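Down below is the structure, laid out as structure tokens.
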Amino acid sequence: MINVGVIGAGRIGRIHSKSIQGSIEGVQIKTVADVFKDSAKKASEEYNIPNYTDDYKEILNDPEIDAVIICSSTDTHSQISIEAAEKGKHIFCEKPIDYDVEKIKKTLSAVKKAGVKYQVGFNRRFDHNFNKLRELIQDGQIGDPHIIKITSRDPQAPPIEYVKVSGGMFLDMTIHDFDMATFLSGSKITEVYTQGACMINPEIGKAGDVDTAIISLKFENGSIGVIDNSREASYGYDQRIEVFGSKGYVKADNDTNTTVTIASEDGIIAEKPKYFFLERYMDSYINEMTQFFNCIKEDKEVPASGVDGLRAVLVGLAATKSLKEGRPVKIEE
Amino acid sequence: MINVGVIGAGRIGRIHSKSIQGSIEGVQIKTVADVFKDSAKKASEEYNIPNYTDDYKEILNDPEIDAVIICSSTDTHSQISIEAAEKGKHIFCEKPIDYDVEKIKKTLSAVKKAGVKYQVGFNRRFDHNFNKLRELIQDGQIGDPHIIKITSRDPQAPPIEYVKVSGGMFLDMTIHDFDMATFLSGSKITEVYTQGACMINPEIGKAGDVDTAIISLKFENGSIGVIDNSREASYGYDQRIEVFGSKGYVKADNDTNTTVTIASEDGIIAEKPKYFFLERYMDSYINEMTQFFNCIKEDKEVPASGVDGLRAVLVGLAATKSLKEGRPVKIEE
Amino acid sequence: MINVGVIGAGRIGRIHSKSIQGSIEGVQIKTVADVFKDSAKKASEEYNIPNYTDDYKEILNDPEIDAVIICSSTDTHSQISIEAAEKGKHIFCEKPIDYDVEKIKKTLSAVKKAGVKYQVGFNRRFDHNFNKLRELIQDGQIGDPHIIKITSRDPQAPPIEYVKVSGGMFLDMTIHDFDMATFLSGSKITEVYTQGACMINPEIGKAGDVDTAIISLKFENGSIGVIDNSREASYGYDQRIEVFGSKGYVKADNDTNTTVTIASEDGIIAEKPKYFFLERYMDSYINEMTQFFNCIKEDKEVPASGVDGLRAVLVGLAATKSLKEGRPVKIEE
Amino acid sequence: MINVGVIGAGRIGRIHSKSIQGSIEGVQIKTVADVFKDSAKKASEEYNIPNYTDDYKEILNDPEIDAVIICSSTDTHSQISIEAAEKGKHIFCEKPIDYDVEKIKKTLSAVKKAGVKYQVGFNRRFDHNFNKLRELIQDGQIGDPHIIKITSRDPQAPPIEYVKVSGGMFLDMTIHDFDMATFLSGSKITEVYTQGACMINPEIGKAGDVDTAIISLKFENGSIGVIDNSREASYGYDQRIEVFGSKGYVKADNDTNTTVTIASEDGIIAEKPKYFFLERYMDSYINEMTQFFNCIKEDKEVPASGVDGLRAVLVGLAATKSLKEGRPVKIEE
């Protein structure tokens, strides 16, 4: 039995608690921590977690706990990761590890030294559609990949308060797409060029961010790619990917709640995509937890490593710089 | 050069004139006849036809004319066919040959005696989608056919005056579907059972007809099928077919004017089917003419024979009888 | 807290146990019974059920148990239902209640007398796609329903031993479609006509059954319908429905595991349907349990009643008779 | 009656001759010219054109001729255009007008001075799908356009000899996409950034060109866009467009020859796109001719002007420069 401590009982901490508790055999959450003790208590009740605390160090100091799930605020990720590594805990850390490259590198080096597992929360790597894409690509179904195209649009722009502290669209939203591009291509992104616009809410522009963007990508293997983002798609959460290669393409369309269509005078009407990331990616959250614990049990490489976490941030920072300076920016590790 | 006479300058006579004139190499219309001389004149002008007349016998008596296209009213089809055969003309005759089985048999026997080509106007046999279905079936892509399903719905019920003289829905509308079922199955229909309802316009019911029907079919080769009809589909002309067999199915969806879809708050909206038979089947009219003349030129079997015309009427009559008597009816030739 | 006894620990008994245990708040399984004690024991371990037994009467005699889930063999359904009703237990009974109409009526009358809830296992009524269809129909989106079309094909014919005891395809497989037709139409089936064929396995024919069928339906409200069945679709479990009405149609396509398509020299290839009923209808099993217990908690009408169970059997028997006698058969309650 | 001279009897000259002759009322081709007299003769026979010549000046000097269709080699377009304008002929000129911006400007200025119609051969503006997109955008269906995405891939790379003289992929192939982006956006392209790769044929790279590209676009109205190109898509000619805006998106998928799908053990297989531009865009060639002559008859603005022709070349040159210099390039008129 693997004993787990969950650090942070906000939305994502609760999602992971729900996925683990009762669903993953041989794994149980022993303690949940949150700086707001009430949140920790509530989660402990809701997910049958025996202990709760407002001090994550209790988890780190508990010798019975084998692994931690870090879901606290971003600015604490690297510090808690380092401490947990030093205590010999296996670590699942929500993305991003940090916005500061030096801190990330320090974290990865602590993890390496401790020899513990370190998985970063790129949940989309565990999505049924995108996994199928990768499987088909690796199986040679499209030959050599030439072009990767990711459409990633949110159903609604976040509150302006969030925009101001989010690190910018590229680090908060597009970071998933950068990782997905790498995941599917099997090759590193070496250069980005960003075109951004503020078309949805002028307040976002005033806060120094954009809400609409096209980001061109170059990969180490010579292939190229493009991501298009919008903070607000009227028809819902739009998550489509196409990878084109020498033998054809593979393409993932949006998931919908049903397969129902209506034919009427207005046309043939199909359903909109599932509303937002919880609806769309719930299966991926369960899968990523399952695989994290499998890697611990079977001592395997994690499917979304600290280096993957570092790279996505490097690309996000380069994309931000490209937008500011109006020129392509190279990514250097 | 094959010289042609067109008998009947109504809608379908004009469609065929347009298809032939200028588009089919080595074929030209010499004369067009219509009981309304003005109609014949108008068609002659519109399609560059040198002669027009109100007496179809002028066409039959013209030794330069090799083939006739019979598009006159249904009650004259068999008589003109017989006369044309006796004059040694190749004949394309619009469907149905007649509603009277004895008259059809007499016609086919005259044609046989004369040794001329006799093609019946089952234009859907020449449709791009349905031809592809047949090609795939004959190529063994679905293995042995087990189930044939035809959806055939008109966009708008015809005027009640038409309903009263049309011979009933099964002889006027479903007759195309009966022929299509035979065409795709490659086997004769041996029994039908009809369920009909009058759900669109009670006047149709008062006229002794139905506007909605499901007709079950048995084929000589043991397979089974079903046709569903409606006189009025709000979203347009609905012409879909699925044939299921031991290795899978082939399916033809509706044609649309464009491939455009709209994503909005209301859903993902695709186009309705093309409006009605002229829009939907224009290519098939051209193809059927082309193949008719090819059969003359190369002395080949016509792709929609007099026997096909007879069989579709026999099935239509049996379907009508089944509805009236509330029991399955066998088809005997 | 509602205490539950599960009677029968075969495949479907285990599915229901899994759905209930831990997922439905305020409900817990206290005892599982199976004539094979080992099966009961295994289920008790797997789903954390405190007690197991080989005698279902232990469950019926346990005053702490409020509701039973009857998943034993079909021939015991009516007897156990009657006994459970007499003990005042709410009852969920797998379909069919019985193949004998008199026994079903006796059961329903015992249930009525006892005043307990009695829900029959028509799980497809709880499917996301078909529920959406019904919702749209009831919402008036297609106006008055005219034609109901159900395609229901299994991926693989069952073993011939099963065919011999199953009661025939119409009572074993099509019974779900009969119930679905009623569920969607909101009207009773009053007449059926069956065309059947044995095209997949001649052994099925020798056992007196068919493996391929088209069943025409008449409804009390004047609308009509058709079901097509095959025991073996090479491409998987095919479960599609279309309902056509005065304002258009609603249609449910198959579910797939992913939305991925591949474009290659061979065409544009999408995924096959989910493999079989467990994959396809898992969500519906969970929903039907949830709603059953909601009906108990809130003292509401069950969404799939004993009368629904009776009617589906009546239609199945009529379809069987129609096939044998080659004529349409009326359904009388 | 408008009399027309066709200059250049190669592939595109013959396509236009076929479209005009016999199909567009009130328009007739009087003379066809080609530097290879045999080609001119052959075209004259095939399309019933009374005169042929190897000297295009015969056409320009013929006072009976009202309009010319310039389909000669690109290097002659501007010179013949200027001469034709001076002779007062209305002009339809194939794209590009020239690769030399100064020559184009000189041409446009001659045309302006002469006051004749000057339409450039951007046939895709007349395509049924793309026209529908534009209509929906202009009708406000997507609100304000934010992102334009064009996928444009050829089925097979051209011979290396062609690549060497084509002016490069951006001027030969992408030029259509640049014009389409402008057409749909209703706004000028102001900046491009090109990522190119040579992934299909290394010979193309040796010739100084690329065969795969992603081109980011900025528009004057603040919106952004992206084009992805490949010289070789294994599954055929891929021509898809999506335009996303504040109220949703509109999207055009590929055309196919039929709507047929096959379900088999291998999946659900739909047809590949139509093979190449002749199959795909035949209707647009007919429409562009029809509209050109309508503009002459009704003295209206042409739907694809000389300025449009100039702009597409400017963007193509900027894209080429961007690729060479590895930086975004502004477009200045």
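Letters A, B, C and D mark the chains as written, and numbering starts fresh at 1 in each.
We take it that a residue touches a chain if its C-beta (ideal position, glycine included) is under 8 Å from a C-beta of that chain, and two chains touch if they have at least 3 such contacts.
The shown structure was predicted, so the numbers you read here are calculated from the model rather than taken from an experiment.
Q: Between chain pairs A-C and A-B, which one is joined by a greater number of C-beta pairs in contact?
A: Between the two chain pairs, A-C has more contacting C-beta pairs.
Q: Among all chains, whose Cα centre is located farthest from the one for chain A?
A: Result for the farthest chain: B.
Q: Could you put a whole-Å number on the gap between the CA centroids of chain B and chain C?
A: Centre separation, chain B to chain C: 42 Å.
Q: Using mean CA coordinates as chain centres, what's the chain A-chain C distance in Å?
A: So the centroids are 40 Å from each other.
Q: In whole angstrom, how far does the Cα centroid of chain A sit from the Cα centroid of chain B?
A: The mean C-alpha positions of chain A and chain B differ by 58 Å.
Q: Any chance you could list the residues of chain B touching two or more other chains?
A: Each of 233-235, 247-249, 262-265 in chain B touches at least two other chains.
Q: Quick one: in the complex, what on chain D touches chain C?
A: Within the complex, chain D touches chain C at residues 233-235, 238, 262-272.
Q: Residues of chain D touching chain B in their complex?
A: Interface residues on chain D, with respect to chain B: 22, 128-129, 132-133, 136, 141-142, 247-255, 257-265.
Q: Write out the stretch or stretches of chain B touching chain C in their complex.
A: Interface residues on chain B, with respect to chain C: 143-144, 146-147, 149, 151, 153, 193, 195-197, 199-200, 212-214, 216-218, 222-226, 228, 230, 232-235, 244, 246-249, 326-328.
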